[in-house]
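There are structures below to look over.
In what follows, chain A forms one complex with chain B and a second complex with chain C.
Up next, the complex of A and B:
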């Protein structure tokens, strides 16, 4: 995506569909036609849609795993350091590093950091919060969060040609094809 | 291609009975309009009972403020706590509230992993309940501190005296468990709300609402790439919350079980606390869902299917709790430990015998009525039973805390606990806080997860479980 490009001219062409099946079918056909710079918009998750537009690696699980391990190691180290180094005192002859007693807090730290990463990492990777996006310039796009389904082929795609792409999109079962201004 | 559009009217709110999760005649647009319509209706058009319920809740909230102010001014002496019963209502209420929260997490996380169809409509609602219940729970240990302004001493932080909290103590585990639980519940709830706020942003007719919801929605635009990451994050949150919810009440039970006090020092506490938490939480879901769906005419979205399933979970977890009580009684006899057996005998026949009798009737005897399908499908009966279970679960914590503490090993250190008016005011006040937040939530935030209802509807349509009637073409 050309997020840093100057905000003038055409961002892409957007086809509107009335059902998720039509959108999925159109996304598959558009990908098969060779387009790569595109995105699909739907009011609810549609199974297989991300695959259809060629988006496969989202790295959310990897980020969460890394955060979880950090929480796990960090939590345990904190307790170890408190109980054995910073404030070591003998409680009824128990070993300073009484690790079984550290498990609950270690677990909670693991969950806490994983959850924070799952949410904030996911939003960050999605580039949110992002108040402005060209797709919002299409008036019909307001229904993308309610009951309409959209496919946007971006002008940044090497195959993109305003006329030919519009022609291609109208061979799909699109309800309407609109220009997306930057 | 483009034709003049026919819009489906919102169908009447009909309860489709105990076999369906959605009333007839909907499509993805009408469910959206139906749920967001609650928020868009003018304030004056809000159902009257909502105003009465909100006024009552808000009045009780003032009681909490008064009770807390008096407590901060005078100190914990205004409560009935004495030695040996240093843990009075504060801990009873803490455990009760945090237990109530557990049903919300169970519904949103565990039922998501189990792919239960009746989860979707009530998950947002129960997550909110979790959040508000945890807020009430979290206040009690702090109010009980005596010097609540020093609550940050509970956390490990580098202080000038180089003192650190004791990591071997379940009380510190509790600090981590409850604060993690509160944080994760909030994240789960807010993450679920983002796509719905985007819907509100795009459907609102008022500029200020569009700006407000636009900020809250973080610019969500429903991109397939975003949904892909979002769903993975949501699934991970569910997977994390499932062991988390079990760990939280386990750690709460450790507050008791790790001690050596008869009546507390038992290995059955963790599983039976977790089951009890889910039991009381589902009771609270039913208590809140029945009036809410009636006031806002949500019968087509919160159906008998949801309520009956919740009733069945209540019955099941109630039986686990019954097993817990039976095992406690059995072990106190079978162990041959005189302190253990005295504790249980005292619990049943001592000065607090009435609380034990009420506990068994509220938690074990009366809920058995739920075996009868007619009772499960009768809203009045279900509502009353859910309140009884709420009371019963509060009594359970009262019995565990008070009867175990008041007579331990040495008769010379026995005592009695009499809650004062300030104990009651604080407790009832938190009910005010909880219901105030809850009623504000159902009126001003989408109480059901719109995008998940849409997803479910589409899924059911595919599997043939739900029929969306085709719209008549324009001009027909």
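Up next, the complex of A and C:
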């Protein structure tokens, strides 16, 4: 997509719900109806919602594991290199490769790289920060941080049809269904 | 309400099996007393120490959950209560281990006259003497009995109340009671494990020891609770209450306690290793030589590394059967760790006697008999716990 081109047209349809149970139920039904390009918005975590919209596989945990192992091996190697190769000093007759003494630093490096990867990997894979998002064009959406629950089916979905999707969403106990302009 | 009877029937069957194992095991071990009294003392001490520690671990975990909250504690509460209420009975085998004529002399060097000349021991005699040991033994017994029975009587009252607000108020009062009691419990158990295990080597000391030992037994109790929970999960009342997030929470706690155990164990090792003082390192020298080194490495790898990497996986924590299998494995590892902690000063050369196994199985059999008895007499889940009511509600919607 050319980011400089003015965005026009319909981004999707957004259904508004008053309770998390309704949102979860609607998400399950929408997924069952074959829609895949959708997102749910809620003021608090709703158990099972990510699964319901088909968000099953994400790579943050694998990335964190890889970063943690890198930190573990890197931290230990760093100390091994310092204590045994670069600055080999005899400390109270202990062996140069005094591995028990290396463990705290190894542990800290593991935690450090894991934590950094967890935060920044999450941002990168989320696509955050995102200064502009079409869903904010719906005035009611401001309540997504307070007391309302939203499900947005995006126009990019192959099954998306403005009339039929609207009809479908209105069967889902939605409080209101709004057009989301780009 | 016919369904809970299936579970009660199952528990009764396990109880009968446990009683048979218990009687046979204890009879066999006492037969060993006639053959080799020293070995009997070592083995009996090991067996009674493990099961007493398991009950103490239950009390610790119970107090901790009362303070910090969490649904996981509500769902395993009856296991913890039953285990904590068996704690007074575990003092009977412990008393046999310590107070059988000559036993204290066999186990603890600080009662032997030749050790009193050692300056490292001499100045500890004000604390380490048979009178003080006995008085403290009684204090631990009374205080821990009070804690277990007092708290579980509160939840009995909660079971009977009809008023939701009253149920919540009992929860709050239990939290207020448990916070200072947790502090006192960790202190008393630290001294208990100093007395019972650390003083096997009176020249040596480690201030982290009590916490390290206790956390190990908390881990064992958590593993046992998960095993029972998964075993009973196909029946009412667990069937309509347990949901995936709570078993996932318990799996995460297994990971956390495995890591805390490793953290405390390694901290003690690292400080001792770095200090490199003759009277401190002998504790590890004893445990890394004469065959004990194999046990040490087995415990490091199979009690920490292996379960750590397995428990990192989400699918293990989300699969109750798999999680319970891992918990059985961890429980077996606890046998090994307690053996490694308590036995090297008694038998410098690594050896396993048949009496170790019969004492562990025999005392364990009676422990389970009493544990299941406690479990049977009360509803298997607290009746008016707000957390469980909320979970049952979620279950209906899921």
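Methods note: the second predicted complex is superposed on the first by the 176 of 182 C-alpha atoms of A that agree within 3 Å, B and C clash if a C-alpha of one lies under 4 Å from a C-alpha of the other, contacts with A are read in each partner's own complex, and residues count from 1 in each chain.
As a convention for this text, a contact is a pair of C-beta atoms (placed from the backbone, for glycine too) under 8 Å apart; a residue touches a chain by one contact, two chains touch by 3 or more.
These numbers come from a predicted model, not from an experiment.
Chemist: Record, for the superposition on chain A, whether partners chain B and chain C clash or fit.
Modeler: Superposition check on chain A flags a clash between chain B and chain C.
Chemist: State whether A:101 touches chain B only (first), chain C only (second), both chains, or neither.
Modeler: Touch partners of A:101: chain B and chain C.
Chemist: Is A:86 in contact with chain B, with chain C, with both, or with neither (first, second, both, neither)?
Modeler: The first partner, chain B, only.
Chemist: Who does A:171 touch here: chain B (first), chain C (second), both, or neither?
Modeler: neither
Chemist: Check whether A:40 is in contact with chain B, with chain C, with both or with neither, and answer first, second, both or neither.
Modeler: First partner only.
Chemist: Output check: A:61 vs chain B and chain C. Expected answer is one of first, second, both, neither. What do you get?
Modeler: Both: A:61 reaches chain B and chain C.
Chemist: Thinking of the overlay built on chain A, is A:114 touched by chain B (first), by chain C (second), by both, or by neither?
Modeler: first
Chemist: In the three-chain superposition, say which chain, chain B or chain C, touches more residues of chain A.
Modeler: Of chain B and chain C, the partner in contact with more residues of chain A is B.
Chemist: One more residue to check, A:53. First (chain B), second (chain C), both or neither?
Modeler: Touch partner of A:53: chain B, not chain C.
Chemist: Looking at chain B, which part out of 329-337, 383-391 or 419-427 clashes with chain C after superposition?
Modeler: The answer is stretch 329-337.
Chemist: Overlap of the chain B and chain C footprints on chain A, residue-wise?
Modeler: 61, 94, 101, 104
Chemist: Report the residues of chain A in contact with chain B in the complex, numbered from low to high.
Modeler: 20, 27, 39-46, 49-50, 52-53, 55, 58, 60-61, 64, 78-79, 82-83, 86-87, 91, 94, 98, 101-102, 104-105, 107-109, 111-112, 114-116, 118-119, 121-123, 125-126, 128-133, 135-136, 141-147, 170, 174-176
Chemist: In the complex, go through chain A and note every residue touching chain C.
Modeler: 21, 47-48, 61, 65, 92, 94, 100-101, 103-104
Chemist: Chain A touches which residues of chain B in the complex?
Modeler: Those residues of chain B that touch chain A are 1-2, 27-29, 32, 156, 162-168, 170, 172-173, 176-177, 180, 183-184, 187-188, 190-191, 195, 198-199, 201-203, 214-215, 218-233, 236-237, 240-241, 243-244, 247, 251, 254, 451-452, 454-455, 458.
Chemist: What part of chain C is in contact with chain A in the complex they form?
Modeler: 245, 266, 269-270, 273-274, 276, 312, 314, 394, 397-398
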